[in-house]
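One structure is given here, and the rest of the page talks about it.
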């Protein structure tokens, strides 16, 4: 009972994930600022932003469904927090079972759908436009992402993240065998998080704030939290699936390796948002279905051939 | 798909200045749009009739926040023509130097904006920092970053010392290096090209029918530049290339402005090399004799036209300002058909809007 | 990928941000800042008031000896015309920044107050 | 940009309006020709057809203090040099043919003149406000 509560609320549950997400947001903003020759925010800025949002007035336009609009970020938050329980952190896996990768992927696509619904229930024109864009984007990146992520599972012969980590211990990190798959997974993650350069649903100069245009106050704060936790979890997942060495005999080494790999992925994400311009939605769909899907299939074919 | 109408402006992240547009879209397709000006209409043409010529120099400077110097230069040129006084040649060169620096900073500002609109914030931040160098020169020599107050009727207010000339040369060299790096980045940026190539192309015929001037016209192959065709002094003594492209799409406009920035930086060196010594201003009487004059000059956004009529008093009897953005704005609703919603920012940025100029 | 090079260069250099007011600010030599007056030289002729384009100056004149020259910093356009117009070189821009205020209507500076004795 | 010969242009304008025009010498740096208001569209159509002259830089309207009953409209063209057409309209009923249908670039210029001076452009639909507020009810500001 006590250990269950500990897992849920402190580690690897709520508190740890919130702290990680705040740290991620700060690091991301700081790196981006330095890439752009700016100073960037101080370390407490994400927390200050969150406190500010939670203390602000909560408004929705007339005609919007307040109940649904409140429930959507809460549902997304609970979905990502639950997903976080199953993602191993530095080899620590309290709730691992066979097939948890599928559960994680399912739970992590809940926020995208909620994001679309948020656009629809908050009645603004930009919200609806952004919502439909987020669905279009979902169909473009999700398929190559899922195909790519099944690569490690096929290679290790198991749909359990822990099992995948263990087989990487003997075979070496999967990024060596599936570099294309790793790149596709990063692209898919960027699409999932709606980060620059795939921030099409919330592109500021086109649709103002996308589906969240009309959201304010605590709801907006929750959405921020959801997006950042999702980013952290996505990075954790990629670390576990591709970069290996996160489950060694020495837990201390595992923690250090895990932190380094986390930082490397943050740098990759921030760098991508610094050097790429935003695509148009039709260009993204073309990229997704004409290039990314065939590439991911090639990667899977290669993995299966290697297994034989 | 249903037709919905999205409002853009007067406040929208896409716009840096207030303008209202109503754009009809169906899904991700734009069907058309309408445009409404007037949010920053300050009645400057009317106000100018109530101020003296001396005061008007400062009023005219506030028409635009980007190309403020070329407005006062043109206005002073008009008044000086009516007065019949010859401005010292050194003053003309200093004016031209400021105009060219202004063109550099205006074009760099524009490159930053189009980069921001396609989501390339890094280039936006880098260009806007490099643009500060041009502003620093102007602040150092004139005392103001944006409102330089460099002109007075009869000349300019300040002279350039030897150290200042050396500083300008050094900074312009520095700026050339940075501009080259930026152009290199922009020309090799695949996504920027994918977003701008073939977007809203305008034929030379359309450009002529809509009386569009400046870089937008030159990007469509209409070779018009008032610095060469109708040179206000001292441009008749200077040689420079006019950049044109034939494609007329958003990418051609980017390239034209980028190339023009380089060419303008070269011209800054020419101006400094050829600048003669001498006085920088002559005394001008307060009352301007009766007469009318039409003056044209090339602002960063294209041809600028001033019509000035004096009735012999201290105040102008009629001042008409035609800013280069006005005909370009006319073209926007025409461009807004059969494009993607995501192309709206590219189209709007492509014509380099200056709403404050257009509204006056 | 020259943009990658630009980004890496930017990362290696220190940021360009000026951290004013927590850091120093370089004000160029010719910067037109707050209006100052040399009361010795000012004769209350009103040339600066006549030419001011923003109605930022006011001369309240009782007689030749008894006048007040008033400056409204919130209306001032800091254009330097008064400096140009003054025949005696009495009024000028200093190099200092103008401090902001909460109440612009009440912001009045008496540049010179001469009462006739 | 092609230079258009002033002499040839003036001869052609003479042909169009069937009578001698008046050259207004007052504007420095500009060739100004006074034409009757009814002939404006014909002259511009001729200039576009024969000389491909479509560079309209602006339309200025003004009322001179010495002649308060006349609104003077100037069409500033660029033909390789500065060239203007001057039209005089009665202030009580200022009516002028529109040229937006043949030269779309004149749209905003005409709207501005209509708004600021109350000139009615025959052939145009009702013009929505361009610069003035929607609820402006004090008449054209320049009159």
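Per-chain residue numbering starts at 1, and chain names A, B, C and D are given in the order in which the chains are listed.
Quick note on the criterion: a contact is a pair of C-beta atoms (placed from the backbone, for glycine too) under 8 Å apart; a residue touches a chain by one contact, two chains touch by 3 or more.
Keep in mind that what you see is a predicted model, and the values were worked out from it rather than measured.
Chemist: Pick out whichever of the two, A-B or A-C, is joined by more C-beta pairs in contact.
Modeler: A-B
Chemist: Averaging only over C-alpha atoms, locate the centres of chain A and chain C and give their separation in whole Å.
Modeler: Inter-chain centre distance comes to 52 Å.
Chemist: Just give me the whole-number Å value for how far the CA centre of chain A lies from that of chain B.
Modeler: From the centre of chain A to the centre of chain B is 44 Å.
Chemist: Let me have the rounded angstrom distance from the C-alpha centre of chain B over to the C-alpha centre of chain C, please.
Modeler: 27
Chemist: How many angstrom between the C-alpha centroids of chain D and chain B?
Modeler: 26
Chemist: Listing for chain A: what residues touch at least two other chains?
Modeler: Residues 35-38, 274-275 of chain A touch two or more partner chains.
Chemist: By the touch rule stated above, which residues of chain C touch at least two different other chains?
Modeler: 1, 3, 7, 10, 16, in rising order.
Chemist: Okay, what are all the chain pairs that touch?
Modeler: Every pair of chains in contact is listed here: A-B, A-C, B-C, B-D.
Chemist: Show which residues of chain C lie in contact with chain B when the two form their complex.
Modeler: Per the stated touch rule, the residues are 1-3, 6-7, 10, 16, 28-32, 51-54, 77-81, 84-85, 93.
Chemist: Okay, in this complex, where on chain B does chain A touch?
Modeler: 4-7, 12-14, 25, 27-28, 115-122, 125-126, 129, 189, 191-192, 194-195, 340-345
Chemist: Going by the contact rule at the top, pick out the chain B residues touching chain C in the complex.
Modeler: 51-52, 54-59, 61-62, 122-123, 126, 129, 136, 139-144, 147, 149, 152, 157-158, 181, 184-185, 188-189
Chemist: Write out the stretch or stretches of chain A touching chain B in their complex.
Modeler: Where chain A meets chain B, its residues are 32, 35-38, 125-126, 128-129, 132-133, 196-197, 199-200, 203-208, 274-283.
Chemist: Which residues, counting only chain A, touch chain C once they are in their complex?
Modeler: 31, 33-40, 271, 274-275
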